[in-house]
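So, here come the structures, one by one.
Two complexes come next, and they have one chain in common, subunit A, joined by subunit B in the first and subunit C in the second.
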Partner chain A sequence: MNCLLCHSPYNPIANWRQLLFLEDFDVLCPRCRGAFQLIDGRLCEMCGRSLEESAPSICADCLDWEEDERWRGVLAKNRSVYVYNEWMKEVIALWKFRGDYVVAEAFRQPLTAVFRRDFGSGWQLVPIPLSAERLHERGFNQAEALARLLPLPSVPWLARKHSEKQSKKSRRERLETDNPFFLSGHPPINGKRIVLIDDIYTTGVTVRHAARVLLEAGAAEVGSLTLVRA
Partner chain B sequence: MRGQTVYLAAAALLAVAAASPSPTAWCFLIVYLLLLFIRRPPVFLPAFLTALFFFAYFLIVDHDNETSLSGGRRTLNVRFTAPPAFDGDRMQGLVEINGERVQLRYVMRTRAEKEALQAYLTPGTVCRILGTLERPQSASNPYAFDYRRYLRFQRVHWLFLPESVDRSVCARARPTVAERLLSLREAGVRRIEAHLPPEAAGIAAALIYGERRQLDEEVLAGYQQLGLIHLLAISGGHVTLLVSAAFALAIRFMTREVAVLALLVLLPVYAVLAGASPSVLRACATGMIVLAVAWKKGAIHPLDALSWTALVLLVFDPYMVWDVGFQLSFVVTFALLVHFPALSAVRSLGGRLLQTALVAQLAALPLLLYHFYEISVWSVVLNVLFVPLYSWILLPLALLVAAVPFAPFVWLFCRLVVFTNAIVRFFSTDHGLTLVLGRPSPWGLALCVAAVVAAFLLWERGRLQRGLAAVAAALAVQFAAPYMNANGEVTVLDVGQGDCTVIELPGRKAVYLLDTGGTLDIAREPWRKRARPFSVGRDVVVPFLKAKGIRTIDKLILTHDDADHIGAAPDVLRAVRVKEIVTSPHALPTVRQMARPFSVPVAAASRGQRWQEGGAAFAILHPEAGNREDNNGSLVLFARLGGLTWLFAADIEKEAEQDLVRAYPHLRADVLKVAHHGSATSTTEPFLRTVKPRVALISVGRHNRYGHPAREVLVRLKQQGAIIWRTDQNGAIRYVYSEKSGTFQPMKP
Partner chain C sequence: MYILPSSVASPLVSWLNGQRLLREQLPFPDEDIAAAVQAGLLHEQPGLIKTARAWRCVRCGNDDPHLFASFPCARCGSDCTYCRKCLVMGRIGTCTRLVHAALLLPSERYEAPFTWDGELSAAQAEAAQAVCQAVLDRSELTVWAVCGAGKTEILFPAIAAALENGERVCLATPRIDVVRELAPRFRQAFPRVPLAVWHGGSEERGRIAPLVLSTTHQLLRAYRAFDVMIIDEVDAFPYSVEPMLEYAASQARKEQSSLIYLTATPSRVWQLDIRRGRRNAAVIPARYHGCPLPVPAFEWCGNWRKRLERGRLPQNVLAWVLRRLEQGKQAFLFVPRIDELEAVTRLLQRVNPTIVGVHAEAPDRAEHVQAFRDGRVPLLVTTTILERGVTVPNIDVAVLGAEDRIFTESALVQIAGRVGRHAAFPDGDVRFFHHGKTNAMVRARRHILRMNEEAKKRGLLRR
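What follows is the complex of A and B.
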């Protein structure tokens, strides 16, 4: 088999477990797989970033959020799979901006594992939408691509207005912009536990904007699952 | 299929085993294919077809593996296709008769004849020879090597025993390519033997040509026992070294493509030169696959290359599945490849060598137990030392010495060989720490395999200690198994002309060895001496004891001091702990002398001595306390075990029989171990009328020079209505019993 990222051949049977229990093969070679860094150890209870052993159980960023009464309790929790290292930046660029859709396949196993660990079948999957213009520009919605990797169906309950690219704004600017999300049609949200799916959690503005719309429409609880925690 | 050929290779191996036929392998094959169907659907169909192909292929090959010759004394045209092996006064090797492979064996009469044949019988020689075609012997002892099966797997069905080989009726035919290569190999081996001192020549010939005939028997046994024997086999390391060296050299004179192509052509030639053993074939085939892929500018995963090799070799010869070398070579390489990612995480060289040795040892463990019944504690540590020594120093040096016998290199090589041999002797004979566990039962073997697999799974998750604990637990179960076995066993071993009976009480309450058998040591002229003469002790008795996992003998009973009864005792004493030796009063001095180096207490027993153990009772019925010479002075043992009464009559004759009948007028025995191998001077009418045996066991050699057993004795026994089993016809005779009943199981009913 050839690696999905570096295209070099590799031995998919990398260990005894895979060989003997006939587990699914990894689509990446051990080197590319090894370059990703899983978030592990002690996590921030809110945003799921890794914490030092001695740090308090909630990170400073999340404290800021929770102290702001407009945003307190909007997001139940966020969990992410990988650290945003240089390698991940390259892979995201390849996948998202250069449109190599199939790269998402490399995240199926780890994303599913984190979903099973931190959420589960009681949660409804809602991918963070793109605006129509952006979708046209990119060709696919990366959040939807991730949601498709999970073993539950996802629902397009949200839609998005077109605005500046998020990455070109500062945190303050982002916080103050109007909420770009709105409900798509009249989804049966009442009392549902919803997990938002996105590629990156950077400041948490995006998922909180989306969560607020859903909560206001009657959702019981909104969390988020992202591939990367920046 | 890339990266997944291993699943096809596994299917092929199981299919060949299933077709052999083996119901267990059938079960495994079906479960395996089902699992693939569920968990690896894309692989299922190819694996299924592979299994189907190899199943049918083996059935066809096995069906066609038949002889067109018939036995008897005949004059035949014999073509020597390979140089025969000369060992002392014996010459043997594969020849071709009417296009069929036959094993020729010939004992030469004079030294001049030997030298003439050695010089003359090159591959391609055709001779008209008068001789006898005989079926090879099948295994006549439990766990023993089955010579008939072994030859049949090589498509050989007959032994040809010439009466004389006369040069005047020989002619040189045009040799085939293979025959030319074998001549070249022989010449190479002889050149090594001429240039190097014997000890170094043995190792060099083994390393370069895969020829072990010059290797010292003790050293070879040591390498075997210490799990180092793989170093003396030509394998992947050799081929990698040779191919890389040749490639590096060739690329200076030709393009890369031409160099690869040339190597592709040369590798099969090398395989023949190196003796074409399964490990050589494996290494060369893998090398060729890798080269062929490189030529096509592709790449192949090592595990795929190994799997394709297995598939190719199985097509080449499906019988290889049963070859120990094939099994070990593949299993160890396979384990190393699968475990490689975990190994490559180890940084230090020492750590990596240690872990590699441990992987190899773990993977080989079930096979080693099954084939060799014991494991050495030193094995892993010595491998850490020997693997780099061999692959980086001895092997390149051996190649260098063989190519240019430059004196300083030869000197260095010899010193190293002497040094390594000394280490091997130190850890095998002088301070051997081996654990004799016996051949595992099918369940025991399954447990061992499961423990090893668990160990690898735990190891790669960083829990090596837990893994090793699992393996240790499996070995402990194997160690304890005989003590849980509710069956007892009496085995009259086939030791040729001689006596040897093993009595194992249920739950291994005690093990008694009644005589050891033995070979007569005939003084031979030096040229007749064989490198490895047949020894009953080393080749029959000790392997049987080890296979049964017998580590301690409670009583070694030596009935009298004839060589055919006690000759192999030193071999037994060397290999097994003996608590005490019991012998007849007359044999006491001789036996004491013999047992002195082993510091085992020796006592004489005489009439009236009795003991009980594990539900069995034993009594010495003969001789009386006084000293009595010759056969009539031998110990006669009476036993009550397994619901039968037994009389082991040793070598007594008429006089002692009369004594016995006088002393015990009501002596009865269900089983009579017939006296003196069935000699006419024993087993007299009055004795039989008293004892009234229902079963008579005769331990006697095939074609013995004394004409034992005597026809009269057989007639007398038949008149008594006794069932007769003889070791020369039935092989070993076992009586397996539990509680009060048991069954007789002759090896060849």
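What follows is the complex of A and C.
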């Protein structure tokens, strides 16, 4: 088999277990797979980043969020799969910006594992939407691509207005700008537990904006699952 | 010939001039593009074509089913197949259209464009004459020149003639460092002729000029634009001959144009065709300094992989290295793979801590190469022929594991071709340490011997 990322040949059968239980083979060679860094050890209870053993259970960023009465409790929790290392930056650039959709296959197994561990079938999947313009430009929504990897169907309950690319703004600016998200139609949100799906959690503004819209429409609880915690 | 009135030669046509791009990559309103297509000024093509096996990418020629994937496309609302091979140039999917201008704007003529006062060796002059003839006839020619023959200069007279005729010339190569290295040499030789350098990081990529130097990927932008197309594949190891480059060149050149291949190591089929006269070729069997090519020696080194696992090198390999260190003679040691490179480097660093290992994708590659060039590194363990500029005057070369599949005939000929390039040091040791002789090794050696024989027969050797 050839590696999905580096295209070099490798032996996908890692052990007997895989063969006996017909588990899925890794689509990446060991070298490419090993370059990703899973988030593990002790996590911030809120945003799911790695913490030192001695640190308090909530990180300083999340403390800021929870002390702000406008944002307290908006997001139940975030969990992410991978650390945003140099390799991940390269892979995200290939996948999202160059548009190599099939790269998402490499995330199926680890993303599903985190979803099962931290959420589960009681949650409704809602991918973070792109604006119509961005969607046309990119051809696909990376958050939707991730949601499709999970074993539950996802629902397009949110839509998004077109605004500047986020990465060009500061945290303060992003907080104060209007919420770009709105409900798409009249979805049956009442009392639902919702997990937002996105590619990267950086400051947490995006998922909180989306969560607020859903909470105001009657959701019971909103969490988020992202591929990367930057 | 039909000449367009300038009012019709819309900004779209002059902007596109000689390029074929994705429709969405044109910085013009969609209505304007549609109108130009309607008026026949622009031609549109589908980006992918269905074949019996799977698909073919019209831009890069890829038809390997493994290098296509599909995705739910938001633009056309269905599952689009896309080409993974040329993604860097913008994704081409089933719903993408490629656009090029129906006509090419003419190029200027340049009177006496050539200022070069170097001198060609007898062998070079002969080949240069053949290149001139091919350019004149718009035919195909293979220049088979040994490593260190001085092949760039061979092109100059023919390029000058083409420029005087108002023709466009493109030299394409798989390696960006070759493009970077050649640019100043071409600027110096043709100071009054606009030169465009196309690589991923250059601003002027895609801009048509009388003289264009391009990497493989960037050449994919051009369509029916060049009268003279030169493909430079020399010293490409481990970049094997890339079918994409051939395809890109076939698209970038005009239907009536000359095609010049520069190679040190033509494929076996080509070698045979050349020997039987079925392929038009100019062979330069001797280096510019007129000394014969160093011939590789074979030396069996046992199961070196097993030894390496136990943390040891074969005795004779270690002895070879120690000898160079003792003599203070710099050397390259080639190994097949990156993990082996790391293991070998660690072992050799116990002997001499200044020895370093460099592989093709190593981020600190440039630093180490510079250190080697400065003589601060006595021995470089490597998996790749580094930049072309690394013609360190006085070196020896060894291959550990020459039997590995990666060391093809052409790879081995090019590796041997590192040695003795400088006129002051035309000799050196080339040694293939192996665990079982392969056909590739034997052919590489025969290849070099034949070149030396032919050079002698043609009286091109000084000794």
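Keep in mind that, in the parts below, the second predicted complex is superposed on the first by the 227 of 230 C-alpha atoms of A that agree within 3 Å, B and C clash if a C-alpha of one lies under 4 Å from a C-alpha of the other, contacts with A are read in each partner's own complex, and residues count from 1 in each chain.
What we mean here is this: a contact is a pair of C-beta atoms (placed from the backbone, for glycine too) under 8 Å apart; a residue touches a chain by one contact, two chains touch by 3 or more.
Predicted model, so just to flag it, every value in this text is computed and none were measured.
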Tell me which partner A:38 touches in the superposition: subunit B (first), subunit C (second), both or neither.
neither
If we overlay the two complexes on their shared chain A, which of subunit B and subunit C does A:102 touch? Say first, second, both or neither.
second
After the superposition on A, what does A:30 contact: first (subunit B), second (subunit C), both or neither?
first
Let me test your reading of the model: by the given contact rule, A:136 touches which partner, first (subunit B), second (subunit C), both or neither?
second
Would you check which partner chain A:13 touches, where first means subunit B only, second means subunit C only, and both and neither mean what they say?
first
Which superposed partner A:220 touches (first subunit B, second subunit C, both, neither):
neither
So in the complex, which bits of subunit C are touching subunit A?
66, 69-75, 80, 82, 84, 87-88, 91, 93
Partner subunit A, residues of subunit B touching it in the complex:
2-4, 6, 35-36, 39-40, 299, 301-304, 338-339, 341-342, 453, 456-457, 460
So in the complex, the part of subunit A that touches subunit B is made up of which residues?
1, 9-17, 19-20, 22, 25, 30
Spell out the residues on subunit A that touch subunit C in their complex, using ranges where they run on.
2, 7, 94, 98-102, 135-136, 138-141, 145
